[in-house]
Each structure stands twice: as structure tokens, then as C-alpha cells.
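Next come the structures, one after another.
Each of the two complexes below includes chain A, the first together with chain B, the second together with chain C.
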Partner chain A sequence: MAARPGRGIDWFPYLLLTPAFALVLTIVAWPLFETFRLSLTDAAMKPTENYVGFANYVEIFQDDFGEIILRTFIWMGLSVTLKIILGTCGALLLNAALPGRAMFRILVMPPWVVPIAIGVFMWSWMYNGQFGMISGVAQRIGLLSEPFEFMAYGQSAFIATIVTDVWIGVPMVTLYLLAAMQSVPKELYEAAWTDGASRAYRFRRITLPLIAPAIFTMALLSAIWTFNSFDIIWILTEGGPRGATTTMIIDTYKTAISRFRYGEGAARAVMILVFLTAFSAVYLGLLMRLTRRGGQPQ
Partner chain B sequence: MKLKTLALASCAFVALTAGAQAAEEIYFINCGGGDDEFVPSQSEHIAAWEAANPDYTVNVEFIPWGQCQEKSLTLAAAGNPPGIAYMGSRVLKQLAAGEMIRPFDLTDEEAGTYSEAVLNTVRFDGNVWGIPRAFSTKALFWNKDLFAEAGVDMPDGPQTFEDVLTAAKAISESTEAKGYGLPAASFDNTMHHFLNWMYSNGGAVLDADGKVVFDSPEVIETLQFFKDLTPYVQNGPIAYDRGKVEPLFAESQVAMMVNGGWGRFRVGDVNYGISPIPAGPSGDHSTLLITDSLVVFAGSGVEDAAADLVKTLTSVENQEVIDKTGGWTPIRLTAMAEELVAEDPTWEYFISAIPTGGPEPLMLEYVAMQDVINEAIQGVILGEIEPEEAAASAAEELRDLNGE
Partner chain C sequence: MIDKYTWWEKLLIYTGVLVFLTFVLAPFIEAFMVSLRPIDAVFRVPYRFFTEDMSFAAYFTMWENVPKLWRYILNSFFISCCATALALACIIPAAYSFSRFEYRFRNPILGGFLAINMIGAAVLIIPLYKLMLNLGLLNSYASMIIPGAAFTVPTGIFLMRSYLLRIPKELEEAAYVDGAGRIYTLWRVILPVALPGIVVVAITTFITAYAQQFLFALTFNSNSDLHPLPMGLYQFFGRQRIVWNELMAASLVGILPVLLVYVFLQRYIVAGLTAGAVKE
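Moving on to the complex of A and B:
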């Protein structure tokens, strides 16, 4: 802040910034720095730790970390795509002038409101082959000839964890996009309707372009949350079978907490930060290019 | 008046605080819900010790399985360890290597009251790092009615791997049940379950020198046995840990399973028999010996008193009471084992296996080892990898973990 002519530096604005600065330093910067520092050590279940340079990072890439990174992005991509599609559909339905609309808006919330652990345990029972609803119903209608354990096979476990994550994540996307839809001026729809535009045309040419910024913002936020989603996979599969659902966050937890390799775990945590930052930067870069080209994302 | 009241209250507070500080606290983390059968007896033993050691109070906290060990370790890593903690003996090597626990001095007389096999679960590098507190051995539970329905004539139950395969095939093909309940989830008892069969086939994870021998012919044979058994087990065994197999056995959906002594109370109305873990072509009946221990953490400031308390709690007399009330396999070599067998002959299968049983492999990277072995088992069951290849690949990873 520049000094005013004829007066010294005005420290008061800096003083006002101090609490916020201290807060950020304490709860963001210091843990980040400490994680990075730890990632350069061989900290484990022992009283001392030694600096090992970037050995932990080298070690990571000698493991199957590339496979885990790819799996994480596929898991996140599928989950976020489904959440956005279903959330948009849900928002459209809840935005329609239907009787009982308020009630439906409340009814869509439970997956989001119910504590995640409880919701996930409910799904784990449904996925159970012997006693679960999904296998039971599939057998009754002839889709399956015998009980099927969804958590027993890599592909089905992978899909099952995505379905559960989507179930938990869709309500928030729905409500967020519903709010965006409600901010679209009614006059635009009335004018289009007067010109004979169909419902699909109105959605494609009015609703979608105007809520696009909200969709892109929500997609980014959802991607970050999904990337870091731990509890759903941990409760359902603990990363199994045979690592088929091990994402970066699960891998980090297993290394740092289950195996007590704190240094190596911290290196993996740093890699998550790096990948998420890179992903967000690329995503925002693309978004800005699209915005510049078309005035707004099309 | 108010000033006087305040002064009196302050004096009382200071006196109480000083009084409370006079007795040092031993913080004791015990796994479980606190409602286990042995808890009242343990509380009595602790109260007696406190009476004899008025300078100390014991604060026992029960923490559910799944979190209790992690809590102790987290506290220790943060420099605030509990005085005593209940731990699976499998983690002792890692704790000892990290200088987080201190060893016990056992006299020859004290050591002589344990079988070598039990003592080996807590003894390495010439020291005893924990005192065994709870002990389990395993046996094969089999459903007599399903065996009869399938026309399998084995009055003493399956005795060999071949018997198990024959019975499992017959039952799966001629009844509505599956032959065997196989736990194969990504969980500790998947490896434990495998080790029972592996020991009964003469295999091992580590040899006497601590070197990895997981690619031995005996281990490959055991993995092959699991592969051959897979068509006759419940659907999707990788979704099942042992706890989830128990109800399948109790509902006669599977005809056989391996379980500990407590399994006798979880069989529902099943007409069952028990036999030793069947012997493989290269071995003899054996079992996995699992102990949980009481350990004394270093750095709590009350180590000596904590060690004394552990020794008191696990004395021959007190431990016998705990074993009896808890329904555990007797840890020490006392007359109690014979009494139990006289009362309930099925104890014989769990007690007689002790001398020939094998310990949990005491590898420094225990959890990593468990993951490697579980993945080998799962790979074979899923048909993604052949037994020989699974054993070789796992052995290579284990050697890496073992620093070979």
C-alpha cells in the first residue's frame, strides 16, 4: 500500500489484514510446508527422521503409481460426468412447474444430508450378494442366475464405488444448478415460446448457455472433492480387490497410516496437490479460452 | 465474606489438585467395547494392584477393534504414549524397531509357563516385547447334515486337503449349499486363514533365519489347493471376511469353514463337527497361533509401574481367570487346559494344535506383508494369476519389504 503524500505508511490496513494472514498461515501454509518437509524425510515409526532428498518421490514412481494416477482420473472423470448429467436432469425436473415441486426439492436432499458413513454402509448391504437388494432383485427378474457379489470383482467394485459416489454427490449438483436455472430471466423463455421454439430448443439455446458457467464451476469443485474422496471407497472396498479401487488418496492413507511410512505418505500427498493444481489450471485455462472465443462457454 | 469464600475455595482446589497429582496415572488402552466377559475380572485384578500400589491410579479406556491399535500408535508417534496398550503381537516387531515399546524381563520360571510356540509370537532379537494376553488357534468346522445329504462318509470330518476337495465338490454338486466358506477380503483374517492351511502343508512365510520362503513348493501347493477349492466356495469370496462367512455356515449355506474356539457359539442350529485343520500333501495338521499382547510403551514416565501391572495382570492365576471368563484358548501351560478338555472335548482340537502351530510371521512391515499375501491369494482365487506365479511375485515383494 503506497504512502500518502506528506504522510508515512498507513499501517492500519495491514493491521486489519493480520488476523486473516495469521489464519491462512496457521491452517493452510504451515501444514502444507510441514507436509512437504516430511516428504523429504524417511519419517516412519521410529524416534528419529533423516532428510533423504527426493528419494520418496523416486520411490513413488518406481511403484505402480502411474496406474493409480490413471485409475484416479478415470474414477473422478466418470463420477463427475455422471453427477453433472444427472444433476442437470434433476435440476430441470425440479425447475419444471409441477405440483408438489417443493416436496421433491426436499426429497432430493437425503443422500447429501445423511452422514456419508451411514449412506455408504447402506450401499454395502445392497451390494451384498447373499442378502443384498440389488442381487436379489436381479435374480428375481432373471438378470442373474445366482447371487452376485459386487465387491468381489475389480470391475464391479470399481463401478459400485462410482455409483455410490454419484448417489451422494448428485443432490448438491442438482440444487446448485437449480439455483442457476432459476436465475435465467423468464422473459427469454417467453420470447422463445412466442417464436415457436420447442422445449428442447429452449433448453439447448437458452438454459444450457446461461447455466454453463455454473456447470463448469460445479464440475471443477466436484472434481476436486471427488479426487479427494476417501470414505466411500475405504468403507466399501478399502481399495480392493487387488487394488482395483485404489485411488491416490487411498494409496496415500495406506502408505502413511496403515504402513506407518509417514515420509513416503507425505510425498504421495504432495503429488495429489500437484496433480490437482495442474488439473485445475488446465481446466481453468481451457475454460478461459472457450470464454474468450465465444463470449461464454458454449 | 466473598473474599474469604474465594480464598477457601482456592485452597480447597489447590489441595485437591495436589492430592490428585500425588498418584501418577497409568493410561491403559484396551481393545474392545468394554462389555467383554473378561472385563469384570480384569477390573478386579487392577483394583487389587492399585490397592497394593497407592502411588498409582490406572485409567483403562476401551476402544473398539479397528481403532484401538491405531490410537495407541498415533499417541506414541505424537510423543504422548499410553502406559500400557493391548496390541496384536504381529505389530511388536515394528514397535520394537521404532523403540516405541520396552522389553520385559521374564524369569526362566515365568517363560517356562508358556509353550515355545506361544512365546515365539512375542519374542525376537533375544527379548520378549509383550506379554501374551489373548490366544487363538483354529480348527475346521463341518456341517454333519450337509455331509450326510451329499453322501460324504467322513465320520471324523475331512483330514486332508484331498478330503476337503472331495467333500466340497460333492456338497456343491448335490445340495443347495456350497462346499466351503472361504474368506478372501482385503482384510487381516484372509491372510490368517491362508496361513492355517499353509502351515498344515509344511509351508512358511519366513524360515528360521528370517528369510522369505513364500515361493516354496509347499506354499505353491497351498495356493493351488485354494484354486482347486474356488469352484466350490460361496459366490464372490473376495467380498467376505471371516465374520461374514460365519452366518453362511450358521445358515447351512456353506458346509465347512475354519474358525476359532468362539465359532462354537456362532453356529446356530447347525449339527456340526470339528476337526483339526486338514493336512496338506507335504505337511501335517497345524494351525496359526495368534496372540494379542499387553505392551509397555517407552516414554510414558510410568514404565516400571506399567510393567509391574502387566506382569500382575498376566500372572498364572490371574490369566487363568481371564482365559476362563473370556473363553480364550489357555495361554499358559497349566492344568486348566486338561480341565477344559474334560468339560468340553471340542477344546481338544484347539489345544492339541498348539505345539505344532506356527506364529504370525514377524515381519517389520507387517501390514505391507499382509497386503502382498492377500493380493496373491485374491489373484489365484480370481483366476488372474497362476499359483506358481503368484507365489514368486509375492515372494519377490516380500523380500524387498524384508530388506533381502
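Moving on to the complex of A and C:
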């Protein structure tokens, strides 16, 4: 860095951080602290709040909280797996040097560009049992014999919310992996081709190892976003039917905002942070061990 | 030259693209078809893709049934623009600090910012609600703008920083040699050079803020004059009998501006989205 006037600590770089710090402190750090604090109280729609120790935590585990945790992880796992698989396929297809691909690339993005809630309105109509497109088309081609109300049954509602989540997330994954594929040096492919390697072999031995870091990064980011996803389930089912699509986020929101039980809601929010942190730590730990054992590709 | 695709490979790829795009675009196409049907044709079994007397009637009647549609669209834009401006005011100096200076705790601080990405807004909704209540910001634009901006700051810093790292340091050193101050250098030397990067970050931030207005509006705002588009339409969504053709028409008209913005600026958006995927 350039010569610095004076001695002692240079405050300028810290000064540059202040706006970001102030905003994040108010909107994220302080509420985070406050969530921890509230989780130890019986705060609700009343003037006073008392510290109750870990009573809220004991309380939530007496409900069906274990089931909700499990459901959240299944929801996340299925959704992220589908996003990564579809995204990789999509990126491969869009990476093919064929006419029209610039156009296709533009057409992939709309689900990400429009407000999530609006996309979900559209899906909500698609899932309509009596008049919606999916049920209608399925009946026409003989998959269903009568109208099927997707949101009325736990399992179909669960799958429906996953499909919508995948729809919203897949454009981002596709473009991200496409960018990773395009950064693979062309010489590698040409050298392999000269040696007679088939297209499938080149994909398996060149593309896949080189885009693996991007896939792992994207999987983690997707997992975090999916875990925190609220709009989709809220608009489609509000967590129903009979709790079949209630993830930890929906559960927290319902407890805190719909039923005004702030203390208990805060305890649930803390559990989300605990599980998400644990998940990320395990994921990153495994990843590091994997890369250390496997070493660099090639 | 590497091998060409055979005809059946081409067929396979185009079929794959077609299937993929069908999944991605089907809801838009169906929404458009619904918006063209008269309401009794919307509620008709069996399902038919084309129905008779399709027209753009819903696009005219919706303005009466969703009287504040214009407001919702403008609110959405206004909230996102303000959130973007606020976020940029935080992102640019912070990213400059992280990319150009050596100081104690720099990397832990950067790590701390990035860790915020793990926290979803819904997790913090209780204290945020109390914060808005105590600041008297419930039912105001600010209650949707400020949190909207805060959650885009970490990603923005990350993107902006990687862009600034690519600008050679000699540029600033030359400015210092000429006697320029540090703020002057940032403002007059770095920012103009970093403009393409700033545009990318601004657009990405805008779209993120635009896509994620629902939760804050749902929780912090009950004044329908201030609702952004998703929340404005959500009110109609909750009714007993949803007027689907008008709801879809209003949705499509509402998202048209941002779709146009996207089509014109998609190169920048893609650049912003994928900045992390490419090793530097």
C-alpha cells in the first residue's frame, strides 16, 4: 500500500467500514443477540417479560419439534439435490456450442428475476386440482383418472413445494455452473480429443473434476438459502395440510408472529441457527477432508 | 478443431433444452393463457389450453378490481431502488477497505460479514419487528427498505471486493504521488474505473431486493398504500374466490418492467451472479 501519513493505527480503512457496520449491526447483529436473549424469556403480547431460563427449549422439544427438524432437512436435501442435478444438466446443455444458445441462456433466468411471491402465485394456479394445468394435463394423458388437489394431501403438497423451490433456484445454479464450465481451458479438451477421448469421457475426466469446487460451493449456498426459504411454503400452504410442509422457518414464524409467542419463537429461531451452523461446519469439514485425501485433480 | 456434434447428438441436446425450458417457462405461459381466458372459461373442466373467446379483457378490468396496481408496481420499484442505493453506500467503501488495505482483524471482519449470508431474515423476524415497532417505522417504506438493503450487503461486498482486487494498485499510487488525498482518490480515481463492477453489483442487489420484498412487507407493513407488488397481489390471493385471470394479468404486467430490465442488462446480471464460479 502507498506510504501512509503519520504513525500509529491508520483509521481510514476502519472508517470505510462504518456504514456497512452500522447497517449490519442494527439489522443483523443486534437482532441476533436479541433473539438469544428473548429465547430465555416468556416474552409475548404483554407488557412484562421474565427470564425463564431454558424453559422454552424444554417446551419446544415436547412438541413434534423433532419431526419438524427432520422434515426441514429432508425438504432441503431433496430440493438441493434436484437443483444441483438439474442445474448441471442445464449448464451442460447450454454449454453446447450450437445455434440458439445465447437465446436459451436468456430464457432460463426469469424464475430468478421475478419476485418469488409472484412466481409462487403462478405455481399455485398450476397446482389447482379442479382447473389447474398439471392436474388437467395429467388427466388428459391418462396419468390421473380424476381431479387431484395437490395441496390437500401432505405428501403431494410437500413435493409441490419442493418443485416450486427447485424452479426458483435452478436458474441460478445453471448459470453459475455454466460459468464454471466455460472457465475450463479449451486446450484440455483439445488435447484429450487428439488422444481420442470420447465426449462422455472428457466430461467425466475434465469437466466434472474442474467444476467440482463450483458444484460444492453452490450446493452449500443453495442449502443455506433453501433452509431459510419462507415465501414459497407460506404462500402455497402456510405449512399445511396438517403441518405436512411446516419447516423450521415456517414453524418459527407461526409461533412468533401469528401466535405472538416471542420467547418461544425466539428459541425456535436459535435452533435454526444451531442446526444451520452445525450443518455448514460438518459440510465444510467433510469437504476439506475430501480435498485433502483426493489432492488436486489430475 | 474439436469434433462436431453428430445429428443425433444435436437432436438430443435440443430436446433436452426444450424439456428444460418447458419446466422453467411453463408457469409463465400458463399464467399468460389464464389471463386471456374469461373467468368462466378459467373455471371449466376438463382443462383446455386454448379456450374460445380469449381476449385481453382482463388487462382492462384489472385496473378497476385491483385499483392500486400502479401504486404497487411503483412501490416495488421505489423500495428496491432505495434499498440498492443504501446498500451501495455501504458496499463500496467497505469493499474498497477490504481490497486495498492491510489492517488487524481484516480477514475475520470480512468472514463475519460473509457469515451473515447464513442468517435468513425470517430467523430474525421477532427482534426486527420489535425494532421497527420501537423506532416507529412499522407501516413505512423504511421498514421494508432498510432490512431489504442489509441482507444484500454481504454478497455485495464479496462481489465488489473481487472486482476491486483486479484494479492495479499503481493507479492509486500514481494519484498519491500527485498529491491526491485518499478520499479524493477513491472518489475520482477508483470509482470511475470500477464503474462496470458497480453496475453489476447494483443490478444484482436491485434484483435480489426486488425478489425478496414479501416477508418484510407481510410482517412490517399493513398500509396497503405502501405495499410492494407481491404483497399487494397477495391480498387478492387470499380471497374466497380468486379472480385468477385478473390476478395473472396483474402479475404479468407487474413483472414486465423488471423482465425488460433483465433482458437489456442480462450480461451484467450474469456476470454478477457467476463471479464466484470462476477462479481468479
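Quick note on the criterion: the second predicted complex is superposed on the first by the 267 of 298 C-alpha atoms of A that agree within 3 Å, B and C clash if a C-alpha of one lies under 4 Å from a C-alpha of the other, contacts with A are read in each partner's own complex, and residues count from 1 in each chain.
The definition used in the following text is that a contact is a pair of C-beta atoms (placed from the backbone, for glycine too) under 8 Å apart; a residue touches a chain by one contact, two chains touch by 3 or more.
Bear in mind that the values here come from a model prediction, so they are computed numbers and not experimental data.
Applying the stated contact rule after C-alpha superposition, one finds that A:I74 touches neither chain B nor chain C.
When chain A is checked against chain B and against chain C, the one touching more of its residues turns out to be C. By the touch criterion defined above, A:R259 lies against chain B but remains apart from chain C after alignment on the C-alpha atoms of chain A.
In the superposed model, A:I85 lies in contact with neither chain B nor chain C. In the superposed model, A:V58 lies in contact with neither chain B nor chain C. Of the two partner chains placed by superposition, only chain C is touched by A:P111; chain B is not.
By the document's definition of touching, of the two partners only chain B reaches A:P241; chain C does not. Residue contacts after overlaying the shared chain place A:G129 against chain B, while chain C stays out of touching range. Applying the stated contact rule after C-alpha superposition, one finds that A:P147 touches each of chain B and chain C. Once the two complexes are overlaid on the shared chain, A:A179 sits against chain C while remaining clear of chain B. Common to the chain B-facing and chain C-facing surfaces of chain A are residues 130, 147, 257, 262.
Against chain A, in their complex, chain C makes its touches with residues 2-3, 5, 9-10, 13-14, 16-17, 20-21, 23-28, 30-31, 34, 42-48, 76, 86, 89-91, 93-94, 96-97, 100-103, 106, 109, 113, 116-131, 146-147, 149-151, 153-154, 157, 169, 172-173, 176, 182, 207, 210-215, 218-219, 228-231, 233-234, 237, 244, 247-248, 251, 254-255, 258-259, 262-263, 266, 269-270, 273-274, 276-279. On the chain A side of its complex with chain B, the touching residues are 44-47, 127-130, 146-154, 237-243, 254, 257-260, 262. Chain A contributes residues 1-3, 10, 12-14, 16-21, 23-24, 26-28, 30-32, 34-35, 38, 86, 89-90, 93-94, 96, 98, 100, 104-119, 121-126, 130-133, 135-137, 139-140, 147, 167, 170-172, 175-180, 183, 189-190, 193, 199, 214, 217-218, 221, 224-225, 227-231, 234-235, 249, 252-253, 256-257, 262, 265-266, 269, 272-273, 276-277, 280 to its touches with chain C in the complex. Every residue of chain B that touches chain A in the complex is listed here, in rising order: 70, 73, 77, 94-95, 97-100, 185-187, 234-240, 248, 253, 365, 367-368, 371, 374-375, 378-379, 382, 384.
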